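Since the structure comes first, as structure tokens, the remarks are kept for the end.
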């Protein structure tokens, strides 16, 4: 396999891991975030500092990076997740930017905007594929477990869910913490891929990219998220020869998918027998079908 | 409707794939990394233009090694992860023999391990961070080069000029917290300025991109009675700072800036530009550069206002051409060797000799003074 | 004391420009309940129209300004028709509108990157910027006073429009309940178009002032994020809130930078946002939000 394909696949794995985290939060728990790149930053910096300054092996360091992102998310999440809907989304912009600004100003630890060089290039094809496989396996099990159903109930009707005895506040925080872990690991892998990190890499543009991947793939569909991550990563790669138009196309694709199919590519379906049944039904009686959004 | 849309998308993807794979004639391919979108688009677009100009000129003279030169320009939308894959693509799909760019140290540092693994020489255009050509242990990266001078050197030039030439000993600095370039220059300036006996009276930051209002910091600088204001920033911010400083009635303070100077700043700052000094790689008035400006104007009908980026991109290409000629073969490893042996090479803007760390040795600092509506050559300096 | 006065004046003049933009965010939010991130794009469109009208057509600033306001207004309406209308007709999930608006802002930015290039451009000096001394106590530029006056003028005109005209009444009604307003015989699509026109119109006013002061480039729209923060602090959907929030933010920025640390300026801005959301999520002047069951 050529190194170029390898590079694309590694980046794809990194993007997909972060997207799965955001998908759990946005797609399954119904909390919309515009600041998740900050958790990637926390993971990336923690891992970088651990491996470079303390000589920790990269695998525990990556996991610790994820754990650090979880801790930050917990501290942030407990007070702020009381906010609902748009208001949390807006707060998350502020939170994400604040974390990034702290990293930029904490020069003794992070070396500020000049970036953190000399990270070992530990993110090889197999490492990234390995992490992706394990984390995807974990995620698919999670969403089909008791927790997954609890998350979905928080999304669909949190008042009814709390009447049924779910501690919705706790599930919301749990969902944020888990998604922060995924983003933290993804950030740590990105650090190993580039062997150099700068706070500016984790700005609001990166955050919105993550969220748009999830919406693009389908809110409430993990396989949709993976397809979304693949499509967005590949589209930006494929259109490289027409450099200037790339971002225009990216923006236009986002608008078009929202206009034509706002529920995303997969809607709430997973790639499986049910999805194909739905597809078949759709094509046989297209007109009578309502715009598919099972509740 | 929906299905037509999808069909069109698929078709576009297929076409693009095809277009990418179809070109494989016998040419010498040189890659160029330029930020064509995002915050640095103004600089990246100019660099891409001047690189294309250089290629057309060399092809008109018969190309290199008897072959035509082909330029492959890729955007990296100012993001390192995108640049890394652009480099992989340049190396593996396009099989370039060398890469010129990028116009940002962070990007060059992220792509450096990769080009060194592939063994393809890369020449940074305005990447002034020392870590572009050496790793953090101080070992030189064999395939990384730059055509500009470094931050420590530029910081020293600014300090030397302010303290020794201008004799202004109470400096204030206003730098961009979010920019590695700006932070680097600040660090090295402050070190050298102290050594020359100057005193820092104010050290203030702002955030580029979002901050466009500097009056709060300027008011403080005014109150601290600084007599020279150091501006290690990008053109837009520096122009705004100067304009706002004069609006606040700071008439006596002298502005000294780095190589972020660009002619478009006149449009923004107007008269506030007058009598400011700029440490630079090149002067737009340099007679040696006149043919360049003329052909740029003829080809693009534009004044090349981001001339520092433009000229360094242009001369970065000529540096690469020269190395390819001396290597005698389109082999990246030989080209890198030829590059590292570059000695007394007359480029358009300067004479280049590389030191052991692949930095141009003792390039003169050109001081530009802003006078009568445009930047004029003031003096050459070379601190001891 | 002098410094304090100076920083206060600086803060108010910055806040007044934020206000022009923040009002647009709030206006759209009050009707459609989503944050229109393409708003910065309208500002950029207004700025470029003004620039090219001045440079290529050689018209006066009044004509150029008028064209720019109209142009930005109509492009806002067009954006709504193309990107938002199909979505809001199909679903009431405002999240989709939010994502579409992000897409539109990327599209608008990159159209300008491709068509006119990324270069920073400055409008010809059509608005005076010479220093003005206020009673010998502080110095400000004529431009700041003009931008403050323009903000007051346009915001006053907007207030009159909302209070005195029939369409103003309809907009206020729709802000309470869009569906019911529709049932009462208000032409909802026309109403939304008018709202977007007004939002784009005001954004262009901000755009002209911003591009005179801070130059014009395709990414200029990004700085509206601060105006957005101001709108949230004041209370999304509330016009007086947007104005007050903008002034608070402008002052907070300038006073932090002047007296504490310029590096902390943005951290203060975003902390202010988070604290407001935690203590009073509806903002200073916002409608009480009650989640519908």
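Going by the order they are written in, the chains are A, B and C; count residues from 1 in each one.
We adopt the following convention: contacts are C-beta pairs under 8 Å (C-beta built on N, C-alpha and C of every residue); 3 or more make two chains touch, one makes a residue touch a chain.
Computed from a prediction, not measured in an experiment: that's the story for all the values here.
The touch graph of the protein chains shown is complete. Greatest Cα centroid separation from chain A: this falls to B. Here the spacing of chain A and chain C, counted between their Cα centres, is 30 Å. We define each chain's centre as the mean of its Cα atoms; on that basis chain A and chain B are separated by 34 Å. Across the assembly, chain B contributes 36-38, 177, 207 as residues in contact with two or more other chains. With touch defined as above, residues shared between interfaces to two or more other chains in chain C number as follows: 110, 113, 225, 263, 266. Multi-chain contact residues, meaning those touching two or more other chains, occur in chain A at positions 101, 105, 244, 247, 253. Those residues of chain B lying in contact with chain C across their complex are 36-45, 177, 204-207, 209-213, 215-217, 219-220, 223, 235-236, 239-240, 243, 246-249, 264, 267-268, 270, 305-306. Looking at the complex, you find that chain C touches chain B at residues 3, 6-7, 10, 14, 110, 113, 117-122, 125, 129-131, 133, 139-141, 143, 210, 213-215, 217-219, 222-223, 225-226, 253-258, 262-263, 265-266.
Residue ranges of chain B in contact with chain A, taken from their complex: 1-2, 5, 9, 13, 16-17, 19-20, 36-38, 73-75, 77, 79-82, 84-86, 88-89, 91-93, 106, 109-110, 113, 118, 129, 131, 135-137, 176-180, 182-184, 207. Of all residues in chain A, those touching chain B in their complex are 2-4, 6-8, 11, 101, 104-105, 112-115, 117-118, 121, 190, 193-196, 198-201, 235-244, 246-247, 253, 256, 260-261. Those residues of chain A whose C-beta lies close enough to touch chain C in the complex are 32, 79-80, 82-87, 89-91, 93-95, 97-98, 101-102, 105, 159, 204, 208, 211-212, 215, 219, 244-245, 247-248, 250-255, 258-259, 262, 291, 293.
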